[in-house]
């Protein structure tokens, strides 16, 4: 890295004094996510940095908030990385997209949307990347509850019976019990835990 | 959509009846089985890592062609054997079942590798199907991660042995009124609907893994998030990795 | 006149047939003998076709195996010799699936229709001296007419399957086969011009010379005509590098994607029988058919045909596939002009003396080849540099 | 559930929508493209991912650091060792571990062998996509088997090596191993010559690949495309040179660049890269020192570090994997399991411009373009 | 006029390979195939497939003490151990149940690496298949136990080194111990074995 994080901070403070930044280790946290595209354009076009290559976009769940983390490099000047991060609350996780500036964000933002539910505003094609449309929940969030793969639920039972498959009585009964208690069949904790 | 199990039996009186005119049937059986087992054309269908070992088995060193099985057909209509080589994800499972349905009888399925058998190393994932035998009957299970190409050849020979022991009157696909077509699962909000096909597979009563570890490894469920700001500054990087 | 053993070996099939007919003649009326003769020929062909097809598949698998440093099928029977039979039994007992939306009658008809012309072409192939089933005086015309029927069943099958891959494969077939028909027909013309006959037998006889070695391929126009004909033949029977209709890496299985069991086997069979007859005709036209010194005539014929088939298999083992527009371009912009010029060269050959003919025709062919390459710059690889930077 | 794809001219009666994949002979596994065709010409292409989404990142957050190593093998299963390398670097960066000299040499050698394996395999598969009936692939696999034998001898497995450890490697190389590597390095150029004679000047291959799927430089950098695909477009960006991670600055090697950025350049740049890798291997064989193979200070007893807890922090390590930039992002919370684990997969990001590259080309070209980009689904979908 | 030469060159290459398949030996470009069931290639010592348990002498004398380290470290969690209890309901330091689910095992070799008692190793046997049902793939203790001789046979260098190490450790035990078990805990691989 031929520049330090402080240089970037200083330069940004001069050019865009309204943007609040905070240094977290080797990275810069942009306090207001709305400012992210401006910072990105600045970094991309400023001849001192020329960060023309957005290597990685990823999300992370810190229980109270979600984070979107960006790793920038420069192909022209062969330096980097500069790490930017923005934090958004879980209930309204919207971050402006970087796709108009960096095409490389396209699939990665879709991935972060898929796994963490971070909505990238302005993304041209924000669909789930890996999971299917209609999948509920964001599986990499720490509070994601996985389904139990061995217990049939009423939806399964009715689906199977509509197709002429006989479902054993005890499975039917268990599904009905679950339904009556208003619970979903979720992955269970170990019965005899080892660790 | 009618469905019956793989093993359809012939009632005993009929069998004794047949035993009398054994010679013809035995010869027929032999010819039929010999033809089928000497010309098993697999489907060109690779899922994941194991597919590479499957290709390696078709390549010069192992040469599956010696068994007459090198004609990997891309169209399921012309294939006899489906080598399920790799992780079947929940997103992929409907397609696998559909492909199996599209194959003409007699057809066989071989699960190659731990992932296809049980979910393997990825068993705890939210998008990983825990064994394709939940939806379709599997003829040969071939463990390993991935199995060596030789192991695939071994599996193929096991399948040949299995075919050789079949009898033409008892094979499921020649029974009257039976249609071996398996319902194709659909995408649901949390996973596949149904979770398994109880006519093909049912969870076993004893499942030590489930008892010991639960259905997901819950070790990683943490209650406290790290605070990168408060923690000490990072140590200098290894000198070998100097920029 | 005393004849050597070669003659009797040569005539072994003809003599056998004559002997059987003579035997039958003792207690059958004359018209029945004619019928018996016809039946015997057709039975021979009907048996020969499938057997040749089956063992061609084995040959192909073995040869490609060897090209790829492996054995190929060798466990089913000695050297894998029973492999095609096992394949046959399996195919025969496979379930026949007709897609729910398919046009059922056409779907059924297509594989049947494709085998018939493939078998009919056998009629005019001269397998040996006096071993042409029907020595038509318009043999070649018959061959060209019948072999072009192949387009129809392929398109029928692809349309009836209601599968998008099949449809694309069918469209490709129609385009490809029609385009390659033209240079192929034109490449036949020089041989007709030289022998002044459309009968396959006469064409072979006109290549007799000393030791039966005056083959047309030993002339400049013969080489050009043979190359054009052989390339077109490869394309006509959908063999690589012209196997676009069933391009496996693009269209899954092309026009026969939805065919299973015996119907698929029939498509397969037609493809290999076409390959055999086309190679046989190529041998007839330019390689002197059954002509050749010392060995029996039918051995010469089969030897030449199998050699050509081996070349086709060799192509398959080596070459990547053309793209559809390049394929058409190759036929229309390259093979067609070359075939036309070749007709001109053949005409010149007939009217000039020996030395001038050689020089002139070689010159014309070379210049036109060079010119065609220059006109089709897209076929010529670009030269590139790859800088190595630190 | 009805899937929707935002095709530009959807509903046009002239066009035909076709699914390539997830089961298709040349989508390299279970990749799926929904292609909109006008005749044979492509007027829209949407990739669909996730058919091999094996929840790599979720599993990592539930497993100890070192136990994740075998899973990284399964990311890009053609060159497991490169994945190991990147992950080991990330852990070392996180924990500030040093790696002994000999281990560094071994790592570089294994990574370069993996690159050779990857490149010949890719070329073989690309030729398969072109329609060559397996021959180039089988020749490539023949040589690959020789290298895999070596991997098996050294690491214990043909594909899933699980060889690197945080702070070192699992098993030392004996003289016999080094001799075997030397034998491969000396024999390989002959094979490469044969391979090139079969392919490089082949008119059909040139016709099919030249000027197909041209990737302009600006678009490539903007879309974050890396690896041989980027270098074929003429951008001199190789992380082995830029970051000089591990000990790559000690070797003398060049970076081959393409000029046009089409499928043919991508093919040929790979061939040239194999040559450069062989150069690196030669130098490494000459220079490899004696010594430890694992950081003795950090792991005095066990190489497989149990209860290994890096301090709280984050690290992003990237390497030049044969596919492109392979990055690992790790956040540690001081427990044996990482808090967040992310893989920046080159196979996924290199596909960003797939549609743009394919528009206006024929179907057959789309398949070559996909083949020339070199994806492995294990990594694309993770 | 070089048009077509590239194709011809390629065809020569394939023809050479074709001819070599009849004329040359395996390493010189001839047929590369090893005809698997009859011919096998020389086993590679370090190859790892599925785990097995080693016993010395009789199958009862398993080296395994059911400590459960491998069970804990196994990434896909395919090992299940239950410690045997003696009459006093105290741990008997040997497994009552030792199951490995071959249908789940990922052949990573981590169990072998972490085992401090040199009791679990990776086998060479890859001919493991079951028909129809996958439950047979869960191997129990009896099926997993192999003698030390077998181990010596499949991995001679490695096994003999381990034997030497064990012997040395035993002798050390007889003499008054100085550092408690530190050397014994060291896995074999750490000693720079092949």
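Letters A, B, C, D and E mark the chains in the order given here, with residues in each chain numbered from 1 onward.
Everything that follows uses one rule, which is that a contact is a pair of C-beta atoms (placed from the backbone, for glycine too) under 8 Å apart; a residue touches a chain by one contact, two chains touch by 3 or more.
Since the structure is predicted, the reported quantities are computational estimates derived from the model, not experimental observations.
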| item | value |
| --- | --- |
| Neighbouring chains common to chain A and chain E, by label | B, D |
| Most distant chain from chain D, judged by the mean position of its C-alpha atoms | C |
| Chain of greatest Cα-centre distance to chain E | C |
| Centre-of-Cα separation between chain E and chain C, whole angstrom | 55 |
| Chain centre separation (chain A, chain D; CA means) in Å | 24 |
| Euclidean distance of C-alpha centroids - chain A vs chain C, Å | 60 |
| Residue list for chain D, restricted to those that touch at least two other chains | 1, 24-25, 50, 53, 55, 58, 61, 63, 70-71, 134-135, 138-139, 142, 145, 160, 198, 201-206, 313-314, 331, 339 |
| Chain E: positions in contact with at least two other chains | 3, 6-7, 10, 13-14, 17, 31-33, 35, 71, 75, 106-108 |
| In chain C, residues with contacts to at least two other chains | 67-71, 248, 252, 317-319, 379-381 |
| Residue numbers on chain E that touch chain B, as the complex places them | 31-37, 40, 49-50, 71, 75-78, 80, 97, 99, 101-108, 126-135, 137 |
| Partner chain E, residues of chain B touching it in the complex | 6, 60-63, 66, 114, 117-123, 131, 133, 137-145, 147-148, 150-151, 153-155, 157-158, 162, 204, 208-209, 212-213, 217 |
| Interface residues, chain D side, partner chain A - complex | 1, 3, 6, 49-50, 53, 55, 57-58, 61, 219, 221-225, 235, 237, 242, 313-314, 316, 318, 325, 327, 329, 331, 339-340, 342, 344, 348-349, 351-353, 381 |
| Chain B residues touching chain D - in the complex, by the definition given at the top | 44-49, 51-53, 55-56, 58-61, 74, 76, 86-87, 89, 91-92, 95, 99, 115, 121-122, 124-128, 145-146, 148, 186-187, 216-220, 222, 224-228, 231-232, 234-243 |
| Sites on chain E touched by chain C in the complex | 1, 3, 6-7, 10-11, 13-15, 17-18, 20-22, 29-33, 35 |
